[in-house]
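Just so it is clear, A, B, C and D label the chains in written order, and each chain counts residues from 1 on its own.
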Amino acid sequence: MRIGILTGGGDCPGLNAVIRAVVRKGIGEHGDEIVGFRDGWRGAIEGDTVPLDLAAVRGILPRGGTVLGTSRTNPYALDDGGDRVLATLDRLGIDALIPIGGEDTLGVATRLAEAGVAVVGVPKTIDNDLDATDYTFGFDTAVGVAMEAIDRLHTTGDSHHRTLVVEVMGRHAGWIALHAGMAGGANVVLIPEKPFDLDAVIAHCRHRFESGFSPIVVVSEGAAPKDGGLMLSAGERDAFGHVRLGGIGAALAAVIEERTNREARAVVLGHVQRGGTPSPFDRVLATRFGLAAIDAVHDGESGIMVALRGTDIVRVRLSEATAQLKLVPPERYAEVEVFFG
Amino acid sequence: MRIGILTGGGDCPGLNAVIRAVVRKGIGEHGDEIVGFRDGWRGAIEGDTVPLDLAAVRGILPRGGTVLGTSRTNPYALDDGGDRVLATLDRLGIDALIPIGGEDTLGVATRLAEAGVAVVGVPKTIDNDLDATDYTFGFDTAVGVAMEAIDRLHTTGDSHHRTLVVEVMGRHAGWIALHAGMAGGANVVLIPEKPFDLDAVIAHCRHRFESGFSPIVVVSEGAAPKDGGLMLSAGERDAFGHVRLGGIGAALAAVIEERTNREARAVVLGHVQRGGTPSPFDRVLATRFGLAAIDAVHDGESGIMVALRGTDIVRVRLSEATAQLKLVPPERYAEVEVFFG
Amino acid sequence: MRIGILTGGGDCPGLNAVIRAVVRKGIGEHGDEIVGFRDGWRGAIEGDTVPLDLAAVRGILPRGGTVLGTSRTNPYALDDGGDRVLATLDRLGIDALIPIGGEDTLGVATRLAEAGVAVVGVPKTIDNDLDATDYTFGFDTAVGVAMEAIDRLHTTGDSHHRTLVVEVMGRHAGWIALHAGMAGGANVVLIPEKPFDLDAVIAHCRHRFESGFSPIVVVSEGAAPKDGGLMLSAGERDAFGHVRLGGIGAALAAVIEERTNREARAVVLGHVQRGGTPSPFDRVLATRFGLAAIDAVHDGESGIMVALRGTDIVRVRLSEATAQLKLVPPERYAEVEVFFG
Amino acid sequence: MRIGILTGGGDCPGLNAVIRAVVRKGIGEHGDEIVGFRDGWRGAIEGDTVPLDLAAVRGILPRGGTVLGTSRTNPYALDDGGDRVLATLDRLGIDALIPIGGEDTLGVATRLAEAGVAVVGVPKTIDNDLDATDYTFGFDTAVGVAMEAIDRLHTTGDSHHRTLVVEVMGRHAGWIALHAGMAGGANVVLIPEKPFDLDAVIAHCRHRFESGFSPIVVVSEGAAPKDGGLMLSAGERDAFGHVRLGGIGAALAAVIEERTNREARAVVLGHVQRGGTPSPFDRVLATRFGLAAIDAVHDGESGIMVALRGTDIVRVRLSEATAQLKLVPPERYAEVEVFFG
């Protein structure tokens, strides 16, 4: 078969592991021809391709990012984008398509499947907020980067008797903050799912100082206070992309410093969390996703994506998969609250 | 309540995270008193205890090993060991016991539960070979150590055009070899579950050399060839614990060197795999196990252990949990075979 | 002898290694008694001490920060601060003092030596900008943290075809940017010693994009453009400590994005660079500094500090040592310029 | 100019950084043509070359090993090897040669220089045992790998109350053991320069156990007891390359176990120490060596090698450079002895 593959949306450690697995099994066991589209749907619209043979995927397993490049281009946001993708697939004689991406990318995949294209998706979100799969690759790596930062910050915080606020990724879901905060022994963890009570945050910081140590506050970029007005407007005032860079973290540090009357500093981890070599967990998960995707294609599946359930890779309908975000449930947040203060 | 806790068998990254979680939630939310027994069942037999208050568990989350110490002492291997444990628990007024360990430790726990002791176990095996839980803490860390070693060995192997054989832990189950080999891009992975065909191994190594690169062979310490006589007897001849240290790895390297007519070297990772700070995955899993164990105790459970199923922590009967080893199934091994040669 | 020790100024990986070495050799070989002052000169002013026996330094070698705590308190900035320190030393019967710190701390040490106190300093600056020593501990660790971040950012930058600006520590000296940029393969490195030409920076970024890859720009927090007005005023407009957190990095990213017409993002590493476990180089250097300091004390030295010259630990007059900052010389900067664009 | 480059002997993290620096500056600033010889002197004998343009060195900075391959081939060990190298250089019109290697490789370089070839060497020894340079690249990385292993082993050793013996590289010089042992907080460090007293080793182990912790013994592969007979003969009895793998480490563990009457285990780090990505220190040093080598070539130098003196890269005569091994001096060993027991 002639199989197309592309990576869309934000990059994620593990994308290359998926590509490698698809190519190794597709060529090695099924005698497929694998065609890579450059920069996600842009390549599919413009017919910008790169041939993926065994040599092309050699040595990419441990590398972050994606050798195919990525973009946020959405064909259906353009007048004739969808038709152009269909035309490209037709012209290149693509028998099946394996798009690797998050909600947007898989949303396009769903519509293409409805249009008759054989599509097997691979879920990708570093925030781990995609329903229908226990985990997505990249998440464990991001948590690891954040945890190592927290580990480092404990000693400097204690030495200076200052609060350290660590802002991590997570616009809508607080999974990275939850896991990194629990793994790093944070004294406060704030997530988008639960608007926080500033007074309680201050109380936890004070309690930590009273115990002779310094607080580490982990906050998702999308977290907000119950009465968020002040800080958000402050964020808006920022003229140099600092909201994107760490509005809430910096704002929170400023407020904590003022109200605890002790120095506070913010650290915004930003893009370091999504770059670099994947963790073992992510390399294995991404590889298994790739193997399962090529198998599904050869089983004649379409309109599905692969997913992790327990230790098994399963197949789920794309329509269900992208139906809703997977948010941190209250009982999971309650687990980390045990360690507050 | 007055709750006893101990760690038995080989140490594992994450043990301290379990202990910390039990203490933090037991004292902080239930007002419990937590008593630690030193060196596993030895401490329970001899009544050798250490009080575990909040200060005792401060800063132990990122530390490997166990602050309680461990041993392989089995009370039921001694004449009156079981009775002495019961006597200790009675004398100290222990209301419930949380033993953290593998098959042996949990086997003792099962018998104590049958004897009427309130027991909630926490599973621990770095080999990940305990049935009834998707994963055990420590495993992900061990896989990470092995994967990093493999990452390092690729470049030195290629530079010298030599085969590198990496021996990893796994007496009866090949999970560490499977995951580390898949994550590290090994060219051959050999596990105890499937006696290997030496000719096939040699063929994969030759094929790899022909492609212009050097083979990495990952082998579980418990793996053996179909016709294992020669090498095992060789292992037995070794006078300095080298079988434990790397009999199969070194023997395999010697044979590969001879038959490929290229240098081969063995690397035996040994105890480095089980020491050191836990990975984020293991810190979170171990912490959640600890929280779930103390909750189960307060729910009046006994004769059970906590386990991971998907993303949930569940409770399973100890009797079932230790019934059989969890081995690598053929379909999981087939996944890594895709990348051989 | 009764020897006092304190750590002043910003913390640095390796401080605990110095303390441990002083205690181990002082007690073990000289039979000294070691007294730690809490939070730098504050503890010396107030007589706030902690006894340092062998148990107190057990296990601290790999830990970042300082077990003694630190502060920026300068006795001579207070009316009677100097006299109070002298009074404390006299009251506690301190025979000699080992202050570990940078310019400020060693400046105080110099004045105390002039006042007749036996003082042997240990240099500490994570920026490596102290003259009279080849390297200071902490610097190698900070460079490592920055380099690992750059390694991670290469793949995400290339995948998204975007510029990544990495802001690292270095107010007055660009050593961290120079070494991390050279080690990380940065395409532009900007340091305080050389006001940069914005047009040249843009040209390098464009050239990198034309080669099919994405630029990594490493910038010291203290770097500034030749005509710095615009961006600095922009920095000033920031209401939430973002200048301290990353004014130049964010401002630079905004300008690069505008002028290359491609996305650019800033990553501000901040305090992560100074926390956490020391690198091997720093652990060895810090340990050797500690050993040399206690030896110097017993040789009756005063008014000196220990320093690294080649592979030797030497003694230099405090007065010379703190005379001037060690800046990046043009020929060192020229080395990294070879790799621009 | 037309410049040849090759890497000989054991591989070392940083070799690719040297190659990259030579190519980037040679082509970028001098308009040179760089020719790589495959597998060290073998390629120079056989005229087996690879063109090194800018694309060939892209992305190799962080990679261990050598893209040129290496071998232990010595032209002067063959009848006409030397002449064949000269013939190759003549035929290919090589104006100057940059050999990167240790004693053997630089010994050949010396003879070629005497034969009239323009030769500028780059020193390489992971053992750091080459005189005339303060450090060689690769050493810091190897020390880091060993130190991380020691860090990991402390917790597992303490948990099991067992001695852990860590065997590191160092046939003739104990630099890796000295620095890794000091950085890792080892309780005993044994190096080839000083035959050890077994009774003293046992005494240190016992003392460590008495303090409530477990001993870590770091031993160079080339270390030997004062009365080495017993253990070496034991090593000889080993049939599977275990001497190469860890004769002294395993033998020492066996003896310590017997005489302390507590479990002891050996860990042999082996090739993991020389593989993988270079540390920041090594990347910077290797890059500077490469830049200095190409500069020396264009200055018309020959018969010299580049070397590190303090923070400067200097030029030394090859004849002096390879005159003698740099061994650990007694005063450096005395530093680590402070921490024994």
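Just so it is clear, contacts are C-beta pairs under 8 Å (C-beta built on N, C-alpha and C of every residue); 3 or more make two chains touch, one makes a residue touch a chain.
From a predicted model like this one, the values you see are computed outputs, not experimental measurements.
Counting hops only between chains that touch, subunit A reaches subunit D in a minimum of 2. Listing every chain that touches subunit A and subunit B alike gives an empty result. Averaging Cα atoms per chain gives one point for each, and the point farthest from that of subunit C is the centre of B. Subunit B and subunit D have Cα centroids separated by 34 Å. Computed from the mean C-alpha positions, the centre of subunit C lies at a distance of 29 Å from the centre of subunit D.
Taking each chain's centre as the average of its CA atoms, subunit B and subunit C sit 40 Å apart. Contacts with at least two other chains are made by residues 151, 277 of subunit C. Chains touching one another form the pairs A-B, A-C, B-D, C-D.
Residue ranges of subunit B in contact with subunit D, taken from their complex: 7, 10-11, 15, 39, 63-66, 69-71, 145, 148-149, 151-161, 164, 234-235, 237-242, 244-247, 250-251, 253-254, 265-272, 274-277. In the complex of the two chains, the subunit A residues touching subunit B come out as 21, 24-25, 28-29, 58, 61-62, 134-135, 140, 143-144, 147, 151, 179-180, 182-183, 185, 213, 277, 279-281, 283-284, 287-288, 291, 309-311, 335, 338-339.
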